[in-house]
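Take a look at the structures listed below.
What follows is subunit A paired twice: with subunit B in the first complex and subunit C in the second.
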Partner chain A sequence: MKRIIRMIMVMMIVTLPVLSASSQSAAEIMELVASSQKHASSAMELRMNLIDSRGEVRQRTLQTLSSSENDVTKTITVFLSPASVKNTRFLTIENDSAADEQYIYLPSLAKVKRIAATERSGSFMGSDFSYADMASTTYDTSEATHSIIGTDTIEGIDCTIIESIPNISGDYGKTISWVDTERSVVVKVEFYAKDRSSLVKTLVCSRFELIDGKTVARSMVMTVADQSHSTAVEIMQIKLNIPIRNEYFTVSFLETGRL
Partner chain B sequence: MKRIGLITCFIMLYAILISSMLFAQVGFDEIFGPTLEENEPVVSPVTVSGHAGIDVSSFIDCSSEISSVPNLAFELGWANAHSDASVRLRLRPYNMSDPFEWTKIIDTISIRRFFPWGHVEAGLLKKEWGKGDGIHALDPLNTLDQRHGIKANLQDMKIAEPMITVAIGTADIRGQLVYKPISLSVLPAISGPWSVIDPAYAALIDPAAVPKTNTLEFGQFAGRIDVHHANIDVGIMAFMGHMSQPSFAIRLDPSTYQPTSIQIGYTRAFLAGIDAGFAAGPFTFMSEAGIWISEDFNASDSDKYNNACVYQAGFDVTIPSSTIIISAQLNGRYILDLDTANPLDVDMAQAYGGKPYANTMITAINSTWFKDRIETRLAFLWQIESNGYVFMPMFTWKLDDAVSLQAEATVYGSFDASDGIESIYERWEGNDTITICALYAF
Partner chain C sequence: MRKHTVIDIIVLLCILAAAALSISLVGSIHIDSSTDAFMPQQSSVVKINNEIEQRFGSTDAIVIGVSVDEGSTVLQPQYIKIIEALTDDFTSSDSVGRVVSITNADHIIPGPDGMEVVPLFDNREEEPIESLIEKLGQWPQVYDGNLVSSDRSMAAVIVQPVAGSPADDIEALLNHIRSTLKAYENQPVRISIVGLPVVKNEINRSLVSDLSVLVPIVALIIITVLFLSFRRLNGVIFPLVSLAIAASLIIGIIALFRITFTMATMLVPVLLLIVGSAYAIHLMSHFYEEIDRPTGLTSHETIKLVVRTNVLPIIMAGTTTIAGFVAQLSSPLAPFRMFGILSAAGVVLTQCTALILLPIMLRLTYKNGIKTVVRKPIAPAFHPLERFLLFCQRLMLRHRRLLIIIVAVVAVLLIAAVFNIDVGTNMLDFFHKDSTLVQDTTLFNERMGGAGVLAVMIEGPEHADVLEPSFLNLVDEFSTKLQQHEAVGSIQTVVPYIKRINFTMNWDSVPYEKRETVSDDVSFDFFSLDFSAESTDTEALNETRAAVSYDGMYASDFLEIPTDPAKYGLETDEDLKALISQFLVMYAGNLSMFIDDALEPTSTLLTIQLRDTSDDQVRHIVRQTEIYWEEHLPDSWQMSIGGGDAVSLALVDLVTRSQILSLISALAIVWIITSLMYRSPIAGFFTLVPVFAALSGVFIAMAAFNIHLDIITSLLAAIAIGTGVDYAIHFISACKRMTNGEATCDFTGIYRTTGKAISINALSVTLGFLGLVFSRFIPIQQMGILFAVSTICAAVASLTILPMLISIVKPAFLGMRTIAEKSDKNIPKRSVMR
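Up next is the complex of A and B:
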């Protein structure tokens, strides 16, 4: 779950320094994008629409809290709808120097269960987002080779196009990102298969707004390459760098839903 | 049981009535405000959820009658700043002529009061202890209703029981104390297609002679401590009560050696155990181990169960780049000081082939397809010593987020029928069932 927050932040949050693309290398641009996501805490309410080829929509809503301290990032998520997953809760504890911990609470079983946290390619809530997607747009200079391959304008936003080839090929062999370098925000990302030529899916961000001094895109759409399915994520509420009680990030809260 | 249910209902309703500020809490209300949009209703002061549907089921036998029964679940919840209450009602009769029982209607009733140090919960509750995945060696708080065979989700077979729990703890260490004023035993069928004993012996049981366990004399206490550290969870538990499995003691005519009656009894015992779970890569490993200390500590009373060790080990693994989750668990017990020379010892009824140990392997493959629209499950339970097995495939098609169609089957049998009936699953061989249900979730 932390990864989806990171992904959202990567694509939406902008640091204030204004830098032109011409004065930056690809690595510097991506480093700025990555660093812009760092913050002490966040709280978001998301609406996720899963849209199939016939236009049929399935909707999920969730709230998530995240807090980072001393290289440990804790995230808790509660699903609000649909009824079949309502009150399902996830707790993820990501430690830079240790393996991730992940717990799930299923209301039907009324029990907290530890689950493996390493599966990155699985679909998140049946959506077109996977955990690997979250990581692929946040390659830093040590994880991938970045290069500027052109410029483009999307919806009136001037973008620098950056190709990122990961040093260790995961689920994707390449990503191409359209970065608004003025605000260090990702506007569009194409994800390619390991052969580096087959487009797998495309992410488009929009509705950029300034919130708490940072620019946030309140809408994202991930579309698979054959257009057969897409997922639209809308941020209904967002708060950054607010105090969040540590008790939220505990197994006790996961189990009871109460502080 | 009926009286206790009524009393609990009354207490719960009273608690609700005296709560002046009622509102539902879902999510992080302390942080987020309501997300109200045009045409969106105001948040209700109570939460209501559940499902409505119909089950159509039959034995897998063309001559069997097909039964159609309602499948209703309804949960009502209330909450204020320091307490909450919920009622889960469940109506899923096996056939419409079943007699009315509270245990078939009230799934759980819970009233909780939260304090800075933890919370207190009371009601008719179901609790699951142990690190195992659905099945456990150290889960003594609820008994199972075995009168209609085996369900893939053993929690569905649990009977809610009156209990009070106190939970305390910090982020990494939690403690729980439980008091159960009465005891319920496992509910086995002693006649009909799901009988666990030979029909010839069923008539020897005098129902009037079965001990009543709904007295304070059968009160039970339990406690556990859970510690979470990095990738490891460890729990230590203790339970003082009765073994939930009743014993069947056969009385013989001293002259003819023919059975004259069967006495059902309960063995008071103490269970202590430890469970642990940890994650490594795509694997989640789980283990439980404990020992039952019987009132028949010296194994001198053939009507009481002996001391026994119980254990379980298993793992879950997610197949990389897929939605397939495979789990495998071995659950077993070892009866101490088993008197194999005395076939009338109640422990011998659970000693397949006279062996003091009994092991059951449970494997399952769960997967979802087409963006979670299709869900499949293949579960297989194999009682190793008796060679009895249960196969439980299930297929669910979610037409949308609210409507789903489900088909599931349960197939009983034995890999080795030559040695006569030893396994309960072989006894149920003619009870293979298939159920198709349509559900609407709300």
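Up next is the complex of A and C:
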């Protein structure tokens, strides 16, 4: 679950940089995008619509609380729908200097259990977002070679097109990002296969809003290359940099749902 | 230079230019020799397969087997290192969706406080191999037969290509895998590569490499026969040039119209060689017959006479042959229909080259007159061809009873054969038993779960219905029952995962204990909270959890599908279904090959691995599967079967239906056309005599040599009809010609000209195609044998049964009455020729 939260942060929240992008190198722009994703705390409600090849839509709704302090990020996630998993709760504690911890509360079992999962691959909750997607958009200068390959305008937003080729090929051989040159917001990302020529899927971000001093894309759609299915994520509610009591990030809260 | 010589040269140059242009396009031809090209995309099994691929990913995996001798184990550091290296290498390859082996698979264990997903093999452990062996033993339902053999002598690296990858990408991936495996050739371990994509690719490679070697051999044999028969260089060159040009033009048409070169269309050039050589040989035979006797005609007059004499039989024979191929349009298989169209077009081209190009070449060659070459004659009695024709003529006129008995015996054999022909397109049977592919697959089938795949998709009416405990129990029961089938190696379903997660989450529970559900009534909404409240220094983990050994008192009670709500402190089956959904939250990202949604799947996939993919076994398993689920699934649920072997089975059924349909249509069309041509329905039946002989030969040979009726051999019937009807029309036309409007028929003259042409054609084609038995690819060998049998039967029947029937019946359409007896008296004692 730690990655879920990280992914959400990476994909949706960007800060408004002070510097203008026009005179920056590709590496500097991507560095700004990456650093802008950091924040002290957040509360979010997300609605995720999974649309399959038959046009059938499956919806998931969840809320998250997240707090970062002293290299420790604590996140609690609660599933609101579908009904079968309602009130299933995750607690994730990421510690840069120690092993991560994950706990789950299953309402049908009425127990908190500790989970140790490698989460090497696979999609997030059956969506078109994988954990690798998150990594691809947050390549820093040591992880990939970035280069500006052009400019474009998407929905009236001037974008710098940046090609990122990872130093170590993971799930993708290349990504091309359309970065809003004014706000350093990622507007669109194309993910390519290891051959660096076959498009795998495309992410499009929209409905940018300034919330608590940060630019947020409230809507994201990830579509696979053959258009057979897609996943639309919407931020229903969001609060950033708010004071959150530590009691929320306890096994006790996970088990009882109460402070 | 005379005017018509100039015209001849211009026409010849134009034809040669067109042929050269056609040949230049050969590189652009798209070859797809797999059986996939045969399945109609609208067929239900293809649709099901596509649906399965979309929901669960590709079921056609490339499997690399790493094995050691029986009694030994691959679970040793040096072998594990190889498996790990292969897994890592293929994971980063293009077109690869997923790679799984014992070195990268996840393992679920019950941890001190819950579930742990750990690497099955972890080098960081103190004794990684011992740990691996222990973990494999903990979960045999998932690992044995799938990732490692139960005797531990073989392990598999399963490479799942990206669903829907084009054939070129799969070929590139296979080439990469093969080149990678070469580095391990000197290792003390056997590495095999199996799976449907491997078989398909091997067919492609074998066909192309074999044809490139065999075609020159076959051509050489035909050239030799032509030379020995005509004993003239031009007698070899002219028919060959004529055939080569027709074949080039048809290849040009295939390239120009971007027609895929399938296993069916590959037969078209072969067919042209047969039919086209017949036309050319008839013309050449007649030409040499004319110039070898003093007629007083000039070369141009002789060529004109030969063309005039043969134009009608060639057009008639061509028309009926075309009609026979057009009957392929009734086939439900697109490549068969394309085969019919191309063959028909090819026959037209060979007719044109025989009637236009050959005379041009003859006119240009002999424009200054024909010089009679004095050749050392072979004593007629010792000329094998003459002796054969004499034998046929004697058999036809003097040993009719014997001939009738032979026909009766053949008829009985045919009936027996038809019921004994095996139907099937098991692509592995295309390869020799001692080929690497067959040996690899046999080894894999013996030790592992099997290389064949049937995929059973079951869909419930509502989301998460496939997580109902009662349904999961059915899946478990079905797997246990079907596992008893001798051809089934293993069955993979979501059930072992649910059982194991249940176990890891409940090992410390007490059955039927009331559980406190403190937060059941909690309705979460973080946004209703007061975020401004003061934060305290509460530790995140403020509870000390008791360390309990996970082999708890009731642990084994929970290694099951939860079916009793009370046992889990719940009230209803719906509660249990929700519990299973919640289990999936933790692990669903790794179960996409079994369920189509991470939380509330609508459908689930059961993958059946087959050790024996023969049609009978696959059909039996499919039937058992259908019966089980028809009995147990409610009406609102759906069960469908896909997978590579289900597609192959459907193809077999289509091929059989196609064969029957096209055979009946072709026979009917040929009968109608020949009846119209000779204005007699009796004539139609007469022309079918060699056709039936050729078909009898093909079917009896198939039964005798255990040749399956498959996608290649099913087309031989159409070719047999083409050959048979050609010989019949040439012979009947000669009969009609030789009656000269009188009630007489000079059989001796017919044997000397048409009989000789039929014999030479049959001999060259038969010997040529017998050269194919040297192929290392079984379908090509079988094709050679069956072509030869078909041609011999058609030729012999044309020279024996057909004239016998003509002489007995004295059909009115030939204007005969008493000629047979008269001819009998005129049979020469030693020779029928010259």
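Some observations on this one:
Here is the rule we go by: the second predicted complex is superposed on the first by the 232 of 259 C-alpha atoms of A that agree within 3 Å, B and C clash if a C-alpha of one lies under 4 Å from a C-alpha of the other, contacts with A are read in each partner's own complex, and residues count from 1 in each chain.
Basically, a contact is a pair of C-beta atoms (placed from the backbone, for glycine too) under 8 Å apart; a residue touches a chain by one contact, two chains touch by 3 or more.
What you see is a predicted model; the values in this text were computed from it and never measured.
Of the two partner chains, both subunit B and subunit C are touched by A:E101. Of the two partner chains, subunit B and subunit C are each touched by A:A43.
Contact with both subunit B and subunit C is seen for A:N87 once the two complexes are overlaid on the shared chain. Shared-chain residue A:Q59: touches subunit B; no touch with subunit C. Measured by the number of subunit A residues touched, the leading partner among subunit B and subunit C is C. In the superposition on chain A, A:I242 makes contact with both subunit B and subunit C. Looking at the shared chain after the overlay, A:G257 reaches both subunit B and subunit C.
Where the contact sets of subunit A with subunit B and with subunit C meet, they give residues 43, 45, 50, 56, 58, 63, 65, 78, 80, 82-84, 87, 101, 109-111, 113-119, 121-123, 125-126, 237, 239, 242, 244, 246-247, 249-252, 256-258.
Against subunit B, the residues of subunit A that register as touching in their complex are 43, 45, 50, 52, 56, 58-59, 63, 65, 78, 80, 82-84, 86-87, 98-99, 101-102, 109-111, 113-119, 121-123, 125-127, 171, 229, 236-237, 239, 242, 244, 246-252, 256-259. The touching residues of subunit A, counted against subunit C in their complex, run 43, 45, 50, 53, 56, 58, 60, 63-65, 74, 78-80, 82-85, 87-88, 91, 93, 101, 103-126, 169, 193-195, 226, 228, 237, 239, 242-247, 249-252, 255-258. Taken together, the subunit B residues at the contact with subunit A in this complex read 25-28, 30-33, 35, 49, 51, 84, 112, 114, 118-119, 126-128, 133, 155, 167, 169-171, 174, 226, 228, 230-231, 233, 277-284, 316-318, 320-323, 368, 371-373, 398, 400-402, 441-442.
Chain contact summary for the complex, subunit C toward subunit A: residues 54, 92-95, 98, 104, 106, 111-119, 164, 463-464, 505-506, 509, 515-520, 522, 524-527, 531-543, 545, 568-570, 575-579, 581-583, 585-590, 592, 597-600, 602.
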